[in-house]
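Got a structure for you, written out below as structure tokens; questions coming shortly.
By letter and in written order, the chains are A, B, C and D; residue numbering begins at 1 in each of them.
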Amino acid sequence: MSVTYIDAIREAQATLLREDPRVFLYGQDIGRFGGAFKATKGLLEEFPGRVFDSPISEDAMIGLAVGSAIEGLRPIVEMQFADFSSVAFNQIVNQAATHYYRTGIPVPITVRLPSGGTAGSGPFHSQSMEGIYAQYPGLIVLTPASVSDAYHMLIDAVAFDDPVIYCEHKFLYRWLKAESINGDRLPIGQARIVRTGKHATVVAYSAMVHEAVRAADSLLKDGWEIEVVDLRSVKPLDIDTVLASVARTGRLLAVGEAFPWGGVTAEVVSRVADEGFHLLDAPPLRHNSRDTPVPYHPKLWAAHRPTPESICQSLRKLLTF
Amino acid sequence: MEMQKPTLDGATNREFLRSVFHSMLRARILENKLSSLYKAGKIVGGVYLGRGQEAVSATLGTSLVQGRDVFAPLIRDQAGRTAFGEPLIDCTRTYLGSAQGPMRGRDGNIHRGRPDLGVPAMISHLGSQVSLVAGMLFAKRIKGTLDGTVGATCIGDGASSTGAFHEGLNLAAVEKLPMVVVIANNQFAYSTPNQRQFACADLVEKARGYGIGGLAVDGTDLLACASVITEAVRRARQGGGPQLVVAHLLRLSGHGEHDDASYVPDEIRKGHYGRDCLEVAMRQLVEHHHATVDEIYAWQDEVAEEVQRAVAQAQQEPGPDPYREVWSALSHTFSHPTAQ
Amino acid sequence: MEMQKPTLDGATNREFLRSVFHSMLRARILENKLSSLYKAGKIVGGVYLGRGQEAVSATLGTSLVQGRDVFAPLIRDQAGRTAFGEPLIDCTRTYLGSAQGPMRGRDGNIHRGRPDLGVPAMISHLGSQVSLVAGMLFAKRIKGTLDGTVGATCIGDGASSTGAFHEGLNLAAVEKLPMVVVIANNQFAYSTPNQRQFACADLVEKARGYGIGGLAVDGTDLLACASVITEAVRRARQGGGPQLVVAHLLRLSGHGEHDDASYVPDEIRKGHYGRDCLEVAMRQLVEHHHATVDEIYAWQDEVAEEVQRAVAQAQQEPGPDPYREVWSALSHTFSHPTAQ
Amino acid sequence: MSVTYIDAIREAQATLLREDPRVFLYGQDIGRFGGAFKATKGLLEEFPGRVFDSPISEDAMIGLAVGSAIEGLRPIVEMQFADFSSVAFNQIVNQAATHYYRTGIPVPITVRLPSGGTAGSGPFHSQSMEGIYAQYPGLIVLTPASVSDAYHMLIDAVAFDDPVIYCEHKFLYRWLKAESINGDRLPIGQARIVRTGKHATVVAYSAMVHEAVRAADSLLKDGWEIEVVDLRSVKPLDIDTVLASVARTGRLLAVGEAFPWGGVTAEVVSRVADEGFHLLDAPPLRHNSRDTPVPYHPKLWAAHRPTPESICQSLRKLLTF
């Protein structure tokens, strides 16, 4: 038996609905249809009255979720694509994110963002917005990279009293499989070393963890041993694990699929540069997508995002400094 | 005087009208005080008043029951807050920066709220509260506690142009939630007149397009408000789905106290909606023998006293202490490291 | 056959109807081809078809004049694009990933546009094009070139729930812009039926609430479309301000070609709006002696040929070259250093 | 005669309206009322038919601007407060920012964002969003800190064929005065060294330039000479000038008023850590606001943002490393 990343997301929601009467699901086409990606398939039938199709109103969807959370419920909102959360931006960053600080009353909502690029999806169905939301105080931003994390981190997300942006990578949905959803179940706030090495540390998250591992694989034949750290959550960001790794390797490359200005890789590198300056034997590097919208054509797309090949290139630069 | 909250179907009810009027009075006297405090430089941040909107707002607040209903006030709802049960001290503490106010210095003035008591704390972005109230009602339905409950919010003519208003109202209509949205059409959004804001003859004409109830009312006329707004609340409470009430009136101050509203043309000021709803209400109460002039004067004195006390108390209280402030926007504390 | 663009007031005009029908036919045959290419794995990205919406879309496109008017197509407007003047090769190049397509591989399929020719390139976010078209008209007014011009866009029933739709339409109404917004109410937004999307009886009832003209039409009936949509365009062109047209129909394919639309109940499929507007149109043309069956068959063959050519040409053309791609989102090049 | 920062913004708009028939102004209450901050006072009267009051529809305001730009005009949109641009977020980052890349047709719009904190303004009238917008490809993000820059950079903004986010700081509006709007008129993309020094470099922008200069002033009495670099634009970001300064001083502190995760300071530090690693004699530091919404009460606000005192503290840490 094998479980995919999207199975895990579906299972987590089923578990949550089963075990917590406060949980309900809200989103476009998530009811009978089971969602654009089938992440809620069968859940309406299994949990009648707990899964709701929403109008095409992202702003109101989040407003509704915050109101429900004030009333003690735990909504999980599915955005059809992360990119469409731009229309709900105000409700997320100003309504949900500020509510606890302003009123003392937390709003436990979970917003699922189908994120990241896939071939042929183009500028508006490919975005990675974790680095946007993480800039706002009051949000927890999760970026699971494994089947087990996809499951457990969604369970954890709903358990938080605070609003959570749960970035699930569309490329991993069916591509990523595991024997089961079991795993080490690290707590949120702890990064995972997915591969040990001694010559350099690659910090990555979400789909890029897998590209980084492939890059590491291919450098092995040249004798380079690359450590790969999966951040798991970008806010909170487990800088301690990153620093410990850099302490071992002396070299850092931060890899992200998002646009190159600012974002997760800048936060990682600038924190390591501050807190781990003396650990570094070479300038810390970043590798992000290019500074254009995500292109539609697969040939352009493949050259826009970091790939195992381009990560190798960055790593060779880092290793030979 | 202790004002008792009258029964709900009391549009024509003496106690209801006296109660509404009393809240109008409390709001007006409190706001007059806030205005002088502002001019004396005693207030941090802006002061946005509800003068001219008291009949609408207080009627709405009085039609609702705290502990059961939801009331999401907006900029000009001091009267509705008072009517719904907000103690004056919550207001003075917030304006005067006491750390004991409901927002503890973290947010200010009209943004105050007590979401756990059914009073959401508004964010500035106009229109945002509509879907939030819908969400509170939606949750009550899921929990099985919706029956007989109403959620209400006020909003301005200007805010009717926001996407958030549209999405929220439509969603409420689709879910047939017991919701009352009152548009206080005070003819201006800041300086912008209705004709630069919308093109329909009356905003109430939007109701049909949402498939919800719609009622228009002269917002300067307490008796009209009492009959129309309670009717809207009644319909929502009895399962009639969302109700849009459009109240026509004029803002009797600037947008905020920094603004002299010189852009309001004289003919509007002197026109029908330029009349003071408080004076109209007082005349109506007296004419219908719901209260005597002497009684009202006595209320005025009591309220002035009460406002004085609330101001004095808040002024004595210290502001927030940045050294003891918990600088976290999350309720959760991560044992493991956190960003920043 | 070269289709001549007929005069505008041609609702009952033979040439107009023949032209609309011809665009419907071109769109249908082209889309059938796209669908098979999709199933054969020859297309990158999704394929979203306008089957069932051709009468509405082509009538709108035919009522407009390229070079003067603005036409902002949405998901299901292949017929309208064709009618407005888009060459088939623009379509096939985009779907087949030719670098010579209007989006040069940077954006795909239904997002293609030629803003300089009056065809904005839609972004995915539903509702966003309404204010954009308003802006194009607004600019023409400032430039003094607005007279006699119309801007039109199609939008779905689902998109009517977006804040962007509301803000854009309201703004157009305030500015009294010559704009036609056609809501193609195909009863579903992806899988979501009308009753989960809005609560009014007919979306056309929204028009009054915006203070604009409103017309409803049977979108499966070419003659009805020809009379109602041209009337809306005429009113807008003659200074009547924005016009909302709500066309009732059914999507005759899935949301995209990946979707079997099994959520559409049989009674709807078999109901009035389940009929194929192309068949209806063909019958109407023949009945009214605007065309003979033989003529139509001949057109079909011509178009099939034309589509074949456009596909073949696009298939021969290379895709974009990432090594020669200019990786800049800005038109400006800073001589001084730039970020990244 | 003295000119304030907001005078400069008004004058720039007057000049643009006078000299370029393609320019028009669009925003809430900017007509007869002259705008919430009076940045357009008298312009409707002087330029009838060129200044328009908009409905409260930020999304549509930007949509309208993009449409106008396609038609060859050069709209300047005033957001009443930067914070309200969250409602126009989608139109800015997805419609305006992607248009040139997708279609080849540039959309020269300028969006004026009254930004930054002032006492008593609270969570929704104080935000600094430059680090949010800069993350998106296709936008130019300007953050003038001087009266002369306020003027010239707005003129330059409108001259660009690309969309510009012009972040004007509300605190500087009337507080900042100059003899005239004349100045060195640097091109966009070039940072300015506003104060030379040899012991450390502070990189700042917008209002924080002035706080940094004050901090530098007060450290002078202890013999520390601090160089202050005003970025002027955060995208493009003139890393060369920053590197040249760090080459002289060996120490870097990046100061910003925005929230602490990611943003401008992270971009600056991570780029210096990469490109100027060998220049650094100490770990590069950042100093931002705290990670909560901007508080309303002046006492909290003053402790939330960087001040001359807190910048001094950061600098002392940096200098004594």
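Observations
Operating definition for what follows: a contact is a pair of C-beta atoms (placed from the backbone, for glycine too) under 8 Å apart; a residue touches a chain by one contact, two chains touch by 3 or more.
Computed from a predicted model, the values in this text were never measured in an experiment.
Chain centres computed from CA atoms place C at the largest separation from chain D. Separating the CA-averaged centres of chain A and chain B is a span of 40 Å.
Spacing of chain B relative to chain C, judged by their CA centroids, is 44 angstrom.
Computed centre separation for the pair chain A/chain D is 30 angstrom, with centres defined by C-alpha atoms.
In chain A, the residues touching two or more other chains are 54-55, 57, 59, 83, 86-87, 90, 94, 97-98, 101-102, 123-124, 134, 137-138, 235, 237, 261, 267, 290-293. Under the contact definition stated at the top, the residues of chain B that touch 2 or more other chains are 103, 106-107, 111, 123-125, 161-164, 167, 170-171, 174, 196-198, 328-329, 339. Viewed as a network of touching protein chains, the structure reduces to a complete graph with every chain in contact with every other. Interface residues of chain C, counted against chain A in their complex, comprise 44-46, 97, 99, 103, 105-108, 111, 123-126, 158-159, 161-164, 189-192, 196-198, 263, 319-323, 325, 327-329, 339-340.
Contacts from chain A toward chain B in the complex involve residues 24, 49-50, 54-55, 57-73, 90-91, 94-95, 97-106, 134, 137-138, 140, 160-162, 187-190, 235-240, 267. By the touch criterion given at the top, residues 28-29, 31-33, 36, 53-57, 59, 81, 83-84, 86-87, 119-125, 260-261, 288, 290-293, 295-300, 302-304 of chain A touch chain C in their complex. Residue ranges of chain C in contact with chain B, taken from their complex: 161-167, 170-171, 173-174, 176, 195-201, 203, 205-212, 241. Within the complex formed with chain D, the residues of chain C that make contact are 102-104, 106-107, 111, 113-116, 120-121, 123-125, 128-140, 142-143, 163-164, 167-168, 170-171, 174, 328-332, 334-339.
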